[in-house]
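As written, the chain order gives the labels A, B, C and D, with residue 1 at the start of each chain.
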Amino acid sequence: MDKLREKAAALLADGTVTMVLGYEEGTNKPRPVFCHTAEQASKLVYSSQCINNLAVYLTKKEIMGTGKVAVIATIPTLRSILQLSVENQLNEENLLVITVTDKEEVKEFANFAEIESYIADFQLKLDAKEQEIIDKLEGMSREERFKFWMEEMSHCFKCYACRAACPLCYCTKCIVEENRPQWINPWAAPLANMEWQINRAMHMAGRCTGCGACGDACPVGIPIHLLTRKMMEDLAPEFGFTPGQPSKNGNALSTWKADDKENFIR
Amino acid sequence: MKIGFYPGCSLKGSSREYNESVVAIAKALDIELVEIKDWNCCGATAAHSMNEELSLSLPARILALAEAQGLKEVVVPCAACYNRLVVTQHELKDTNKRERVTDIIKMSYSGDLKIINVLQMLETYAVDKIKEKVTKPFAHKVACYYGCLLIRPHKILQFDRVEDPQSMDAMVKLIGGTPIDWAFKTECCGAGLSVSRTDLVAKLSGNILKDATERDAQAIIVACPMCQSNLDMRRGAINETLSKPSDIPVFFITQAIGLALGLSPKELGLERHFVNVKL
Amino acid sequence: MNNNNSEFEPKIVAFVCNWCTYAGADLTGTSRLKYATNVKIVRFPCTGRIDFMLLLKAFAQGADGVIVSGCHPNDCHYTSGNFHARRRWITFRGLLDFMGIDVSRIQYSWVSAAEGAKWADVVNTTVANIRELGPYTEYQKVAGYLDKEEYNG
Amino acid sequence: MSKIGVFICHCGENISATVDCEKVAQEIGKVEGVEYAIDYKYMCSDPGQTLIKDAIKEHHLDGVVVGSCSPRMHEPTFRKACAEAGLNPYLCEIANLREHCSWVHEKSDATTDKAIDLVKMLVEKVKRNKPLDAIKVPITKKALVIGGGIAGIQASLDIANTGHQVILIEKDPSIGGHMSQLSETFPTLDCSQCILTPRMVEVAQHPNITLYTYAELESLEGFIGNFTAKIRLKAKSVDHSKCTGCGACLQKCPQKRIPSEFNAGLGTRTAIYVPFPQAVPNKPVIDREHCNYYKRGKCKICEATCPTGAIEWDKEDQILTEQVGAIVVTTGFNVKGTDFFPEYGYGQYKDVITGLQFERLASASGPTLGEIRRPSDGTIPKKIVFIACAGSRDEAKGIPYCSKICCMYTAKHAMLYQHKVHDGESTVFYMDIRAGGKNYEEFVRRAIEEDHVNYVRGRVARVYEKNGKLIVKGVDTLLSGQQVEIEADMVVLATAGVANCGAEQLAQKMHVSYDPYHFFAEAHPKLKPVETNTAGIFLAGACQAPKDIPETVGMASGAAVKVAGLFSNNDLVREPLIAVVNRCAPPQFSTCVGCFMCQTACPYNAIEREEIKGRDGKVIKTVAKVNPGLCQGCGTCVAFCRSKSIDIQGYSNEQMFAEVMSLLNH
């Protein structure tokens, strides 16, 4: 941990970066912190408790400013960073990515390619809890599944925390703000809520890196991250990509194969 | 090496020598033949032209038995049986047919049994063995006669080239023989008309013998009881149609191989032939 | 299933591409083949243009079934619009099914400009299927949530 | 508040027979925003159109919906009418009340109700239509012709003679194609080369034609009027600017036993070769596959003999980029080899040959200098059998279609044989004789009656060799119904005509569709036989289906006229139904966030990157931009864009959304 603080302090001190994105102690778990001075760097912490996906800030001009910024990235964060880079959202020059290895080593990445080879060793796996719910849902009849989700959706009050927490929801104008036409009604109602979630999931198809930030962010605990997660599991074998690793040229929906299945088409 | 074995009626009757030679060389080549228990007629009778359900159910039962007896692969020396079994397996890929037939035979049927003819058995499991065990090379000029049932319908059997097949020729080369290039490899011998229209059999088989002799073959090699009996048993009738009578013997490929392996003519049932075998 | 729906007339919207299925449906007409009146065709330039939201909107607006149809693979007027569409639908179906939305109410098909008869057949069989399934009240109830204050779970 | 005019057409009885048009008009009249609604017997008629024009002026309509036949029928008609009345044509929409309603339903209220819904749907759309202007794209007035057979030659000459530039590429070292291989041609028996070679020379000398032999299409991009073709100039290893075509090298080349393609494998050629004496250009190329130097690194005898030092050993393929406005594909066909026929000996009998090989035997420039001699032993066959439909019209062989030319050339072959071998005996086995064409039937009769060719109607079951003879076993199904067995010296198979090798890949390169047999597909079987479904790409000759010389030449001229027609305008007027990326106020400038996923989704690479710069010239953001020239308007990007920043004119999100809503909300 000291190594990390030293590194951050150094970077800020010699002006390599104008800010370090990291974590500090929070009420019950570490929370994001923006360090602008070497002193602030002493607050930095790093542990498996750090679950916020800091990549979400990297597309926010108001936070990033124009100078170079260092980000202390967990594995999920690294995945998001790669996806963002594929989607032309990051400027390699102005970003310095740091992580802490299992051996407590502070690792600085020279470029995105290095990040890619680094995370290649970490497969993205569904944890038991998620798998359990998915299995439960798949065990249900279709009607039951619908009931389940409607029940869940009826709790949603459209706070869009899911959107705010997702590093890949960086559109300057989201479809829910589109009113010509009004694709999705703005008010919170089961249909509008569901339509919003379906859109979110479809927009994540082939892009989601499975960090689960959306699910964690939901104040009423709707397991929305399962929608994208499940889709990832289904599509990966179908379209031949590895969950959690960005597909360089185009994603699942912007590409095709002549022999994609069509057993459902007459 | 264990393989399931379906002899069929011919091999137990008119073509016993085929059975004897198959068993004999299998032994010599360390292939253990496991005869399917309680097997029945393959339906290569009137059945397959008279009654579809029957023509499918008979072979289906055989296949089901083999599956039930835990066999993965079955060798079927008789070309007619081989043809019926494979064709049935093909037909039963159709779900409706399969349901109907399994309902008739009241047995479970998966359809993943591998059905092979003698040539396939030899070329898959015995080539090297044969090479090493040949003691008396079968050094003769021979005409390999495949007949129709072994090759056709090609789309279904998927065995060898539909015209001018090669597998038997290869076997013969293997035991030191010289297969001739001739025209009647797959022409009709008269087949089932053996009894009802002997005259036709005489004419058709006649053409075959004629071409073989004219290209001075010393023997004809077959892999089908029907062909063998027509060419051999009907020789008298055949010779009446020929300007100059033919006395060339008709071997089963298994007999030829048997001889090459040094088995005695007796073990191979050569004395049962009508046209006596002097080479 | 709902067999008490003999009187029920399903509302079905067909999203078709301009070059194959729309033309195919024209051929159905010129061939004077008859089909059910339940289906109304919306014309798109290409299946690649068909937004999944429009399908949801159709259901929300009370459609009991939806047809999506375009050019056969390799016949797309825009060479690959239908391939993109096919991927989209593979993804979309999986998601809907996971959310318990009845994908059997969406009939995908390839109908070429030459397949007038096939179009009539697609329409008639789809109408029959939806009749069998009955009205999509399950979804419409949710959609009408704000209108009638009677949503329960 | 929009003012829509709705015009319901009875189409005589065609619509009104099952749809209550009057009621439709009334009901629509009540729809919000509909200013004027009326029904009329024939909207497309002059008075009908006048009705629309007058209404537009009188009621100041800002949108028009015509409920009539399919828009594929009269959309242009009515849009033109609107334009004439001063209304932007793209504010006019057609509700398909005939093909999609009246013709497919019985007379009933349901049918009328559906009609009303369909019109309502379009009313809702029109309310959201925007005036659009047709897009004008300049046309590059230069044509690319692919394939230098008779089709390509004809097309090139015809286009060039209209004063336009033509690039003709041919994959072989010489132009001429299959026609140059033929001996005499039916039905007049005039020498093929005698009529062809002058054309070949004309091509080579034409000021408007640039000829590239030994060249293939590498890739094709762009669209009608504006294609970019990359052409691979295969290395000839001989500098044709230096080579005088003296042919000294050909004499000296030690590799002499290479089967000659031109002689269909019956003759041989050297490794450095000119395919045939009359070749254009008449200069050699080195076949690197067989050349000693390229194989073993030594030889170079040709270099030593070449007086002008034209040999270039390490010459590499060149890629040439050309801008062209139109393309004529004339890549021709091929014939199945004898090895395609197990029943005729898997091609192992030397004296069983294809029709094309017989052409070479019969040709004065052929390996036997026009004498019919057996490939096996060079003797003159006294008995010859021709088998028509060898492969063609044979489901089992996977070629169900008729190759069309075989009946005629088989008759010709038999005739030529009889003329050359007077004591010879020829038999033709046939299924039917298809001799449709001017003087064709007469030609066949002549073969039968004057040259006494023995025609046997029936199939040949087997051909096998026996003491030097080919035994042809067949059946005469016409009279005797008997099996026939002929001891022939030679057998000629009229093997099926098939698509040329590589046709499939070429089609994919050019985005033109093809049939299951890899022949290129015409845009319409009757009315657009030379067009493909890709605008600006045309077909001629046997690459579309097997056809004879006159038909090929006719088709080639047809394609040439299409090209000339296209080139008669300076620019191409295209429908403005294309995608556009939205714009909005700074600091956003556009809601596009520049993820550029749409780039991978676009089938036409029509989406470019546009940098939005501030006053200081610094790049504020990079967003997507649609190239209106390339965009074909499929809208795949629209459905794909997450932020709905890209939309397509004429099928916009608002319009489609409104249509769907209108269909159901009642």
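Operating definition for what follows: contacts are C-beta pairs under 8 Å (C-beta built on N, C-alpha and C of every residue); 3 or more make two chains touch, one makes a residue touch a chain.
Just so it is clear, the model here is predicted, and its values are computed rather than measured.
**Q** Which chain has the mean of its C-alpha atoms lying nearest to the mean of all protein C-alpha atoms shown?
**A** Answer for the innermost chain: D.
**Q** With contacts counted as defined, which of the two, B-D or C-D, has more C-beta pairs across the interface?
**A** C-D
**Q** Express in whole angstrom the distance between the two chain centres, defined as the mean CA positions of subunit B and subunit C.
**A** 57
**Q** Where the CA atoms of subunit B average out and where those of subunit D average out, how many Å apart are those spots?
**A** The answer is 52 Å.
**Q** Could you grab the centroid distance between subunit A and subunit B? Build each centroid from C-alpha atoms only and quote it in angstrom.
**A** Subunit A and subunit B have C-alpha centres separated by 68 Å.
**Q** Measuring from the mean C-alpha position of subunit C to the mean C-alpha position of subunit D, what distance in angstrom results?
**A** Their C-alpha centroids are separated by 34 Å.
**Q** Quick check on subunit A: which residues sit in contact with 2+ other chains?
**A** Within subunit A, residues 183, 253-255 contact more than one other chain.
**Q** Could you say which residues in subunit D touch two or more other chains, in rising order?
**A** 601, 640, 653, 657
**Q** Of all the residues in subunit B, which ones touch at least 2 other chains?
**A** In subunit B, nothing touches at least two other chains.
**Q** Which pairs of chains touch each other?
**A** A-C, A-D, B-D, C-D
**Q** Give every residue of subunit A touching subunit C within the complex, in rising order.
**A** Residues of subunit A touching subunit C: 137, 140, 142-151, 154, 183, 187, 189-191, 194-195, 198-199, 201-202, 205-206, 227, 230-231, 234-235, 238-239, 252-258, 260-262, 264-266.
**Q** List the residues on subunit C that touch subunit A in their complex, please.
**A** 52-53, 56-57, 60, 73-74, 80, 83-84, 86-103, 107-110, 122, 138, 142-143, 145-146, 151, 153
**Q** Okay, in this complex, where on subunit C does subunit D touch?
**A** 9, 11, 13, 22-23, 25-30, 32-35, 37, 40-46, 48-52, 54, 57-58, 61-63, 74-75, 77-81, 84-85, 88, 120
**Q** Going by the contact rule at the top, pick out the subunit D residues touching subunit C in the complex.
**A** Residues of subunit D touching subunit C: 70-72, 96, 98-100, 103-106, 108, 110-111, 113-114, 117-118, 121, 511, 513, 533, 577, 601, 603-604, 632-636, 638-640, 648, 650-651, 653, 656-657, 659-661, 663-665.
**Q** In their complex, what parts of subunit D are in touch with subunit A?
**A** That would be residues 588, 591, 593-601, 622, 640, 642-645, 653-654, 657-658 of subunit D.
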